[in-house]
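Across the two complexes that follow, chain A remains constant while its partner is chain B and subsequently chain C.
This part shows the complex of A and B:
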């Protein structure tokens, strides 16, 4: 009885060692990815601080105010019943926002609003009057052309300029 | 009880059915019920046989076009190219150019990246495929020496590379077929043996036509090459001639290509000798060759008659060879007739009517040439206003599409003629034509548009009264047209003629916005007009504000740059305007400027000043005035002294000073 248990135990440990050695060999390697904890109740919220941090209207209201006090930053129809492509739209939006942030560096006064009308992609941005108008037009022409060729659809930019960032309150 | 119920029920049902019938009658008026037999008969008599129309198929953009037709141009908005923001709207014509060019250069920068790294732009999301959003393949794919490679280089418009490859093929002994050689000849003759400019030059962006053979039917975009044409010329023994010589049996197409290239690049007499070669080889020329030869005809002959006879000869040969003329033939003939003087005038109309009988409708280019034949620029008009009127009668209300590069010249030619003949009615008709259908495309590039509007405005300033002028002004400026300083001067003249000088401060604001505030002539004219007459109080107030504004322009700018120089006249006018509005203090400061800028004030100015000072009762100022006048040794000083002595109550000291001055001025006379 003891002998049987011992042999089975030994066999099991042997099995385990074989399995673990196989796991660690070059043939099969599967790792676990971990990200930092992203809590839902801390997303897109600027916490109240000393009172010296200026926030825009968009930043001041939290995500549960969307639809009540805020509008949507990205407008497309893929979230309707029976429509597909929502994930692709999200990826495109992320790319477009990074692109705009980088191309018009330091000039964006607020988040970029992306609207899709049929085939047309409209990027609405509010800019600070940091550059000369001719430089703005250079960047507008560049962005429109590059994004049109990238996404194979007409891309238009609708820009509005303000003298400085519009502060809603200080937190 | 039951009977009353049933009666009530029957009544109820009857009422309901009546209501139902009334509703039915209302909703289906064409149907007739048996109840209304009289109406039924009436309807049968009056309504004819109902014809069901054929089902209409609408194009995909019909709804959009219908919506677009409800929206008119917004006179407060700037051009569609620009963003709708006050910071980003151009206010002067130089800003307009700068912004549109910078946008174009941004696009070119993007195109450079797309074409340099095409692998990132290959993924095709679009259903259906959009070819213009794919990266261009600028490098030739096929590397080995073969005909296919030659065809590819021809298609990509690489002139030098194609010629080199052809030579290589010849040396290697590979036979190149006649078709391919013809294509090569077409390419060389189209570009005159140079490579076409690779970068897209802004404002001269050329749409690639599909086929090299389509060159003469070129769309408007091709006309932009004119500047290159002027520089390029047909060289002796260039590649085209050399390759042609290598051909064992050139066909009509080869001859045609070479002749057209020669005519395009200025080798006219050679073109004609080639043509005789063509005839000697018993080949038939096609319509494009003939068009080219007709274009070249005025260059090879000197006298008007000879030119015309050559053209007639060519046309006769065309008829013999049974080649049908097309619109470009008509335009070529008319263009040649421009160079034929009086012969042109007599022959122009017969040519048009003959072509019409061959069902060739004249395009706007034909009308341009016609107008140019009859209205030579700079020549006095001899009662030929009918031609313009007849032309306008023909073209009014029609929508034209671009068929000839010279179509774009119609509007500016017509407006020039209206300006020369001072014909306002025809000018309005020309402008109306611009609004019909697609004709706005034929106005040409930006600078042509500017010329057109400048002429239109000058004519309006000359001929129309000020209210009509201002209506047009508000409509067109600055959304469509940024007036130059000459046009603003014309506008001031018009204001002067119509005695609406009270509008000057508004015009001054516009002048500042348009960037003409640094033009000496314009500003001086403005000041003169303001200072000339006396107006009522409010107007004088507004003039004074305007004058102070102008003064700021004259003062040194931020960086010490002097924009305008004071002249005696401008200073005088400015001070008179200030005085007329009783701004004595400002005027007093300005008087000091005379000394600093070495200008001499005029006598009337000092007299006016004295009057003002008297009203204010400032004795000291009066004495100072006299001193200033004496300082400049003005001839009117004694009179001034007399006046001051008489009109003012002076102290002993002041009297002595004045008498000294009087003696001084006496002595200096």
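This part shows the complex of A and C:
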């Protein structure tokens, strides 16, 4: 019984080796490839490299981890079913992120989180301790004043400072 | 005065429990501000904040609060908070259930120009919760809804449906055929 099974297995492996050698021989040029170059997703992903690139928690996890290992960066109700105003919120968010990146240049440790509670717009940011606290306070007041005049709604900034950028892993 | 004291106590109990559960910072701030207001009225105990009017209060047969959000955990904690508030204020809670989640799926082209065979799929999930209360008075409903709405987390939308009990108008209280006599 065992001998029969062994011989059949050996015959099958011999067949496979014959088939693969025929495929890879000079006569036929067809090779099997399992994923086309277009099938790879590149959105919001940092490619694995030599191990010298530091990456934060937000950057390390891919978009399909949102809701499971990541939270949402922008929290508002316009993407729910039966609610509208999504496009306006997106435009506002993009402007606010660029504004924060430019005003606190080089100080942002991670992505800015934008929350909307009723009329109130809350911008939560984590900063590196690059500037003096008095300068930070001035920039916070300036941002709040300017954005509240621009968007006609109360704007609050909740800021947290960190000594260095928090590294999650190296890619 | 006793009602004021009991409401302060219930608010303090709520604030103790809310600190333990994950609710946004603004909720805690709102909580603190409302308790400060209550302390203010307690100081001037002679002038109560309750106003008396001649007209009767509207009665609601059913008060339905439906909340929608993207995160199920946030809705879980909000449901706990709302049901606790209703129980502390003495409202009759009918049921707090979860309607089925709605998923909106989009299949779009992955590439900007060609490659029709390669697409990307996105989906957006909306979870819901519904809390139904029966036999609520208008002023109670107003207070409860204001409290609930001030502590609504970001990214959560609320829909309130009230079914009020109205008196039958006078002109249709009696049927027409009793007045006119057929010959």
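Note that the second predicted complex is superposed on the first by the 131 of 171 C-alpha atoms of A that agree within 3 Å, B and C clash if a C-alpha of one lies under 4 Å from a C-alpha of the other, contacts with A are read in each partner's own complex, and residues count from 1 in each chain.
Heads up, the rule we're going with is that a residue touches a chain if its C-beta (ideal position, glycine included) is under 8 Å from a C-beta of that chain, and two chains touch if they have at least 3 such contacts.
Not measured: the values here are computed from a predicted model.
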| item | value |
| --- | --- |
| Touching partner for A:158 - first (chain B), second (chain C), both, neither | both |
| Chain B versus chain C as contact partner of A:76, first or second or both or neither | second |
| First, second, both or neither for A:67, with chain B first and chain C second | second |
| Which of chain B and chain C A:117 touches, first, second, both or neither | second |
| Overlap of the chain B and chain C footprints on chain A, listed as residue numbers | 158 |
| Chain B partner contacts - residues on chain A that touch it in the complex | 129, 133-146, 148-153, 157-161 |
| Of all residues in chain A, those that touch chain C in their complex | 36, 38-39, 41, 67, 72, 75-77, 79-83, 115-118, 120, 122, 158 |
| Residues of chain C defined as touching chain A within the complex | 24-26, 68-71, 102, 104, 110-111, 115, 118, 120, 124-126, 152-157 |
| Complex contacts: residues of chain B adjacent to chain A | 82-85, 87-88, 90, 95, 98-100, 102-107, 109-111, 113-114, 120-121, 124-126, 130, 133-135 |
